[in-house]
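Common to both upcoming complexes is chain A, partnered first by chain B, then by chain C.
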Partner chain A sequence: MINNLVTSEKKIKFFRMGKRNWRKTRWFYLFIAPWIFGFLAFILAPVIVGLLMSFSNFTGGNFNSLKFIGLENYTEVFRDFFSSGDAWLALNRTIVFTLLSVFISTALSLSIASLLTGNIRGRTVFRVLFYLPAMLPLVASIWVFRSLLDNNVGVLNAILDLIVPGIHIPWLTKQAFLSLIIFTAWGSLGGAMIIYMAGIQGIPSELRDAAAVDGANGLQIFRNITMPMISPLIMYQSVLAIIGGLQTLVTPILLTPGAGGSGSMSISTIPVRDNYLFMVHVYQESFNRLRFGYGSALLWIMFVFILILTFFLIRMSKKWVYYEVDPDSKPGDK
Partner chain B sequence: MKTNKFRRNTSHPLTFLVTLVFAIIFIFPVVWLIISSLKLETELTRWPIIWLPKTLQWNNYIQLWIDPRIGIVKAAINSFTLSIIFAVPNVIISAFGGYAFARINAPGRSFFLSLLFATMLIPYSITIIPQFVLYSKIGLIDNRLLWLLWGLGGSAYMIILFRQFYTSFPKELDDAAEIDGANPFSTFLRIYLPNSAAPLAITFLFSFSSVWGDWFSQALFLTDKNETLAMLLATAFKNPMGRPFLTQTFAGIVVYALPLVILYLIMQKQIVQGILTTGMKG
Partner chain C sequence: MKAKLLQALTVLVLLTLVLSGCATPTPTPASVDTTSEPADATSEPVDATSAKPITLVVAAWEEEFTNEQIAAYTALNPTITIERIDPDQTKLAALVAAGTAPDIIRASGSDVPLFVQRGWLMDLSSYFNNSTVLKVDDLVPANSYFVYNDVRYGMLKDWSPDSAFIINKRMAEKAGIQLPPLNSIITYKQAGEWAKLMTVWDGSRLVTAGSEGFGSDVDVQNVARESGGDLYSEDFSQAIIKDNPVVVEYLTWAANMAKDGYTFGPLNPSPDWGVPDLQSGAAASIVMGYWCNAEYAGSADEGVEKPSDFVMYPALSWGGEKVFNTSAGGAGWMISATTQHPDEAWKLFEYYMAGQPAIDRATSGWGVPSLKSQFVYMEAPTEWQQQWLDTVNWELENVDTTARRINPYFSTQTFNNIWYTQVEQYINGEISIEEAISNLDTEVNKAIDDGIAQK
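For the complex of A and B:
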C-alpha cells in the first residue's frame, strides 16, 4: 500500500517535470546514449544471439538449413559431463587451475602488500617493481616465461641444475599446468597488491598500535587485525579473480602450445592436454570444428555457473566478512 | 608521528631482506628479457646456459627495424592506429557518461547506474563469439573500424571512474553555470573537462594499453593483412631457412613493451589511484 503510494507519487513527479528538468533529462540521455548504444550492440545483442545459437545447429555458414534443435546441445554437454569427455576434463582442469592460482596469487599479493605497508625503506621503489610485470603486454610476458621455463635451455632448469646437477624438468610440457599457475600468479600480483596495500593503509593505526602495546607480534597482528579488517577487499578481489580465472583462454594457448608449438600462433592452437581449459574447449568446438551451436551451449553453461558463483559468494560473504567500509567508496577512503 | 615508535617493531632488517628477495625474483623475468635481446643467437640457445652476452648485440635492434622480412614498422603502425582509434573516443564518451551520472539528475538515472554496474559482471568471453558471427555477416572482420566502434561504446569501468571523480565537484559550480545560461554540454566542456587532466590521462593509458597489449581480439578479428605487433610477435621471427630468430624476437618484445613501461613509470601515481577507484588493473 505504502509502496504503491510512493510509486504513484514518483509517477506524478515524473509527469509534472518542469521544463527545466525535462531539458536536463534530455541532456542526461544524450550523454549516456553512446554507452547505451555500446551496451546494446556489444553486450545485449551478442548475448541474445549467443543464447539463440546455443539452441540451434549453427555451424558458421548454414544459414539455409538453420534450425531450432531445442536443448540438444545442452543435453550433449551434460552427456559429455557424465561420460567424462572433453568438456568434463576441461571443466575440471579449469576449476583446479582457478582455485590454485587465485589462492596462490592472493596469498602472495597479501604478504607482499603487508610487507610493503610496514615501515620499510624504499617502499615506492618496491611498489613500482612489483607492479611492473602487470603493465607488460601479454605477448611480452609470454615470451619471457617461454624462455625462463624452456625445457632444454631454460633459466629455471639452469638454476635447479646448480642445486641438483643433471636435473631437467620439462616445464612447458609435462609440468605445463604448474607453469601456467606460476605465470598467472606472476602476472596478477601487481594489481591485487596495490588494492591490498590501500586497504591495509586504511586500517586505523590505533588498532595495530594497541595490539603491539599488548605484546602481539607481527604475525598475530596480521591474522587478528589486518586480515579481518580487509576481508571485504579479499572477498571482492577473489570473486573477480575467480571469474577471470574461469575464463582463461589465451595464456594456455600462448604459453604451452602443444605439438608444433613453434609454428604460428592462432586462436585455434591447441595447448598441451593438461592445460586444455574450458574456454579452450569452447573455442576448439566453435572455430576448429565449426560447431557454434554446441560451443555456445558450453559458453552459456559457464556463464550461468559464473553468475551463480558470484551470487553465492556475495551472499556467503555477508556471513563471514567484516563490512564496515561503504562498498561504493574507494578502498583507501576510511 | 608517535605511532612510528610501535610500527618500527614490525620492520625488521629481515623484513627488508625478504622483500628484496621477492622483488628480485619478480623483476628477474623483465631483466632476463632485456639480456636476451642483447645476445647472439648462439648464446641464447646453448646449454649449459650462457648468462651474459660477451658483447652487447645492439645490432639486434637495428636489424629489427631495417630487415624488411620482419615487417615491424607496419605492425607498429597498425597497433598504434588500433589503440588510438579505440582509446580517444572511449575516453571522451566515458567522460561524458561519467559526468551525466555524477551531475545530471534525471529520472531513470539510478536504473541505468545499476545497469552500468551489472554489465561489469557479464564475462567478456560470452559476447565475443556471437560478435564474431554477427560481424562476419556485415563485413567487420579484418576491419580496423571495429576498434573505433568499440571505442565509441564507452566503457563501464571508465564511466564509473569519471563519475567518482566528478561527484566531488562542488554543487555551486553547476548552479553558477546554469545562472549564466550554460547548458550541461557547455558546462561540461568549459568547466569539467579542463579540470579532468588526471582521470583523462589515466583512462587514456588504460584504454590505450588494453588494445596495445591485447592479442586475443586482434588474432580473432584480424588477418595478416592488418597484422599488429601482438600478432607479429606471438610467433618467433624466422630466417630464410625457416629457423627461429629468437634474439631479434626478444628485441621486438622490448620495443613492444617499452611504450607501456615508460608511460607506467611516468604515471605510476595516477595509475595507483585509477586502480583503486575502479578495481581495474590496467
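For the complex of A and C:
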C-alpha cells in the first residue's frame, strides 16, 4: 500500500515536472519548429526517397511499371567500376581532381593568409581582391573564365600572342583539367583565406615573439608555431574542400563543354574527357539517360565513400592536428 | 484559466489571419466576367461547366508564349490563370517525378517518343478529331513526330527542315569557289572540299572553320536513309551503325574533318554555335534551317558578315543522287497525362496553335507554319530571305522531308554525347576510328537496352 502511494506520488511529481519543463522549453520548440519541419520535408524526406529510388527501376515517369529491383543498380555500378567504363573514369578523375584542387587551394590560401596578416602596404585592398571571387555567382565566374581562356578568341591567348606571336594554348580542351583546377582554386581561395587569417590572428603574439627571441626565422616560426596552432582549421577546411571537390558538377560542364556544348551554357552537354567527374556521370545517367535508380545508387555509393573518408580523416587528424585539449578527454579527466 | 484560454484563442485567430493573408487571392465564381466577347473562335471562353477558377501551368519559353499572349487569353477567359514556367528538360523530369507535371509541355518534336514511352503525355486523338480549328488534314507531315503507335499527342508550333546547307557567299568567292546554281544537290564531300578552302588558321588559332561540323544524329539519320536503311531497327531495339557501311564511311569522314581542323570539334569547340558563328565569321558554312533567317534579319547590322551573303541550299547528300532532310526541326506543345484540366488545356492549345499566336509566328519568319492553311502568312521582306523561302518551298516539293524516326528508348542528346566523346578520343590518338565507331555502336545499343529494361 505504502509502495503504491509512493509510486503514485512519483508519477504526479513526474507529470508536474513535465509540465514545468514544457513551460520552460515550449518557446524553444516553437522557434525551432520551422527548421525541424524544413529538415524533415526538404532534407530527410528526399534522402529517404533517394534511397528507395536506388532500389527501383525508376525512370522519372514510369509510375505504372515501377518495381523494386533489390541491389541490381548497385551491382551494375560496381560492374561498371570494374569494367573500366565511364563510371571508373569518372571516379578516377574525381579523386585526382579533388586531391590536386584541395592541395593547391589550401597551399595558396594559407600562403596568402600568412602574407596578408603581416604588415604589408595596401593589405586591405588585397584582402578584398582575393575575397572577391567568393562573392561572384558561379555561372558568371565561369562565363568570365571562358572568355579569358577560349582557345580561339580568349583574352589570355591574345595576350600570349603579343608576347610570343602565333602561340595559342587550348586551355579549355587539351589543358581542360588544368583550367578546371585553376578555376576551382581561384574560386575557393577567398573563403579559405578568411578562415586562415582569423586563425593566424588568433595565435597569441607571445608565442611568435618568444620564438623570435630564441632565434627562429620566419619559416621556422610558420612551421613550428603558426601551422600547429591553426591545424584544426586546416583540418576543418580540408574536410569541407574534399567533400566539395567530390561533389563538383556544374563547373566542368560549363567551363569545358567540348563539342556538344560549344558556345551554349547547357548543363545537358558533356565535358571533355579529362573533366568527366563523378557527379557529371551521375547527371548524365539520371537526367540524360533517365536512369534515376542507377543515378541514386551512384549517389549513395558516393555518400558512403565520403562518410568513410571523413571518418578516416578525423581519426587521422589525431596524428597531425594540434588540440590544446585532448579531444577524447571527458569532463573531470586528469 | 479563462485568461489562458483567451490567450490561446487570440494566438489561434492571429495565426489564421496571418496564414490567410499569405494565401494567393483567387477570384470567386461570382466575380468572373462572362460578358467578354471572344476575339475569334479559338479564344472562346471555356464552357460553363468549367467556370470554376483554375490555374494552368504551361512549360514554355517566355519569348514563345509571351506575357501579352497570356494576358490576351486570360482576358477572354477570366476563370483561367496561366502560370508559365521554363520548359527546361531537367526541371520537367523532376516535376514529373514529383507528380507535379505542368498541364502543357513544350518540347522538341524529337523528344516526343521518349515522353510517350515514359507515360508523360495525354492522348489527344479525340480532341483533334473533334476540333473545328485544328484539323488533321491541315497538319504538315512533320507533325508525325507527335504520332506514336497511331496516337496523336500534340503538334508542332512551327518547324523547318533543319538540314539545309547555308554558305557565306563572300567567303566562298574569296576562296575561289564557284558556287553552283540555287537548289542544286551538293554532296557532303563537296561541302567538305569547300570547307578546306575556306578554313583560315593563324598559327595554332582557328580563325574561320570551313564548316561548323558534321556527324550529329540528324546527319547520320539522313545518310542512313539515303543508303536505303535507317539508323534504328524496325522496333527501335537496335541501332544499326557499324553494320551500315555508308554510315561508317560518313562518320569516318566527319571525324576526320574535325581531326584535320576544317570544322569545329571536341578539342577545338566553336566559340558560340552555328547561327552566330556564321554571322561573326567564325564559320564559313553551317547546316541549319529556314528559321534562322528571322534571327539574321533581326540582327543584320550586328555581325561581321552580312546575311545578304548567306546563300541557302537544300540539305547535303552523301551519294549525290537523293536528298533527305529528315531533321524537321521544331518544337511543339503536348498536354500532360496527369493534368486535372484537360478541356481547359486543350482550349488554350487550340488558341496557341490556330489563333493569333500562330499567325504571329508564321509572319515572323521564325519557321514554317505547322498548319498548311497558314502558309499564306509567310513573309520574305528582303531578297535574300526570299531566296531562303524559295529553297524551303523547293525542298518541300522535291526533297524527302519525312521526319526521322526517333528512338523512344533514349535521347538524341545521348547519341551526340557518346559520339563527341569517341571523336575526342580519336583525335587524341587514344583509339582508332574503327574503335570509335564500334564504341558508338556499343554504347548507343547499351543505352537502348537500358531504356527497354526500364520500360
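A few points about this structure:
The working rule: the second predicted complex is superposed on the first by the 292 of 334 C-alpha atoms of A that agree within 3 Å, B and C clash if a C-alpha of one lies under 4 Å from a C-alpha of the other, contacts with A are read in each partner's own complex, and residues count from 1 in each chain.
Following the convention adopted for this analysis, contacts are C-beta pairs under 8 Å (C-beta built on N, C-alpha and C of every residue); 3 or more make two chains touch, one makes a residue touch a chain.
No experiment lies behind these values; they were computed from the predicted model shown.
Partners chain B and chain C, once the complexes are superposed on chain A, run into each other and clash.
With both structures placed on the common chain, the touch criterion links A:189 to chain B but leaves chain C unconnected.
Of the two partner chains placed by superposition, chain B and chain C are both touched by A:153. Contacts of A:25 after superposition on the shared chain: chain B is touched, whereas chain C is not.
Of the two partner chains, chain B is the only one that A:296 touches; chain C does not reach it.
By the document's definition of touching, of the two partners only chain C reaches A:173; chain B does not. In the superposed pair of complexes, A:304 makes contact with neither chain B nor chain C.
Judged by the number of chain A residues each one touches, B leads among chain B and chain C. In the superposition on chain A, A:71 makes contact with neither chain B nor chain C.
Of the two partner chains placed by the overlay, chain B and chain C both lie in contact with A:60. Of the two partner chains, neither chain B nor chain C is touched by A:314. Superposing on chain A, the segment of chain C with clashing C-alpha atoms against chain B, chosen from 93-101, 183-191, 255-263 or 345-353, turns out to be 93-101. On chain A, the surface patch touched by chain B in one complex and by chain C in the other comprises residues 58, 60, 152-153, 161, 262-264, 267, 292. Interface of chain C with chain A (complex): residues 89-90, 93, 96-97, 114-115, 118-120, 202-207, 213, 258, 264-273, 276-277, 282, 410-411, 413-414, 416-417, 420-421, 423-425, 428, 447, 450-451, 453-455.
Residue ranges on chain A touching chain B, taken from their complex, read 14, 17, 21, 23-25, 27-32, 34-39, 41-43, 45-47, 49-50, 53, 58, 60, 112, 115-116, 118-121, 126-145, 147-148, 152-153, 155, 158, 161, 186, 188-192, 194-195, 198, 205-206, 208-209, 212-213, 218, 221, 236-237, 240, 243, 247, 249-250, 254, 262-267, 279, 282-283, 286, 292, 295-296, 299-300, 302-303, 306-307, 310, 330-332.
Note for the complex: chain A touches chain C at residues 57-65, 150-153, 157, 161, 165-168, 170, 172-174, 257-264, 267-270, 272-273, 284, 287-293. Partner chain A is touched in their complex by these residues of chain B: 3-4, 6-11, 15-16, 18-19, 22-23, 26-27, 29-30, 32-33, 36, 44-49, 93-94, 96-97, 99-101, 104-109, 112, 115-116, 119, 121-131, 133-134, 149-150, 152-154, 156, 159, 164, 183-185, 188, 209, 212-216, 219-220, 229-230, 233-236, 244, 246, 249-250, 253, 256-257, 260-261, 264-265, 268, 271-272, 275-277, 279-282.
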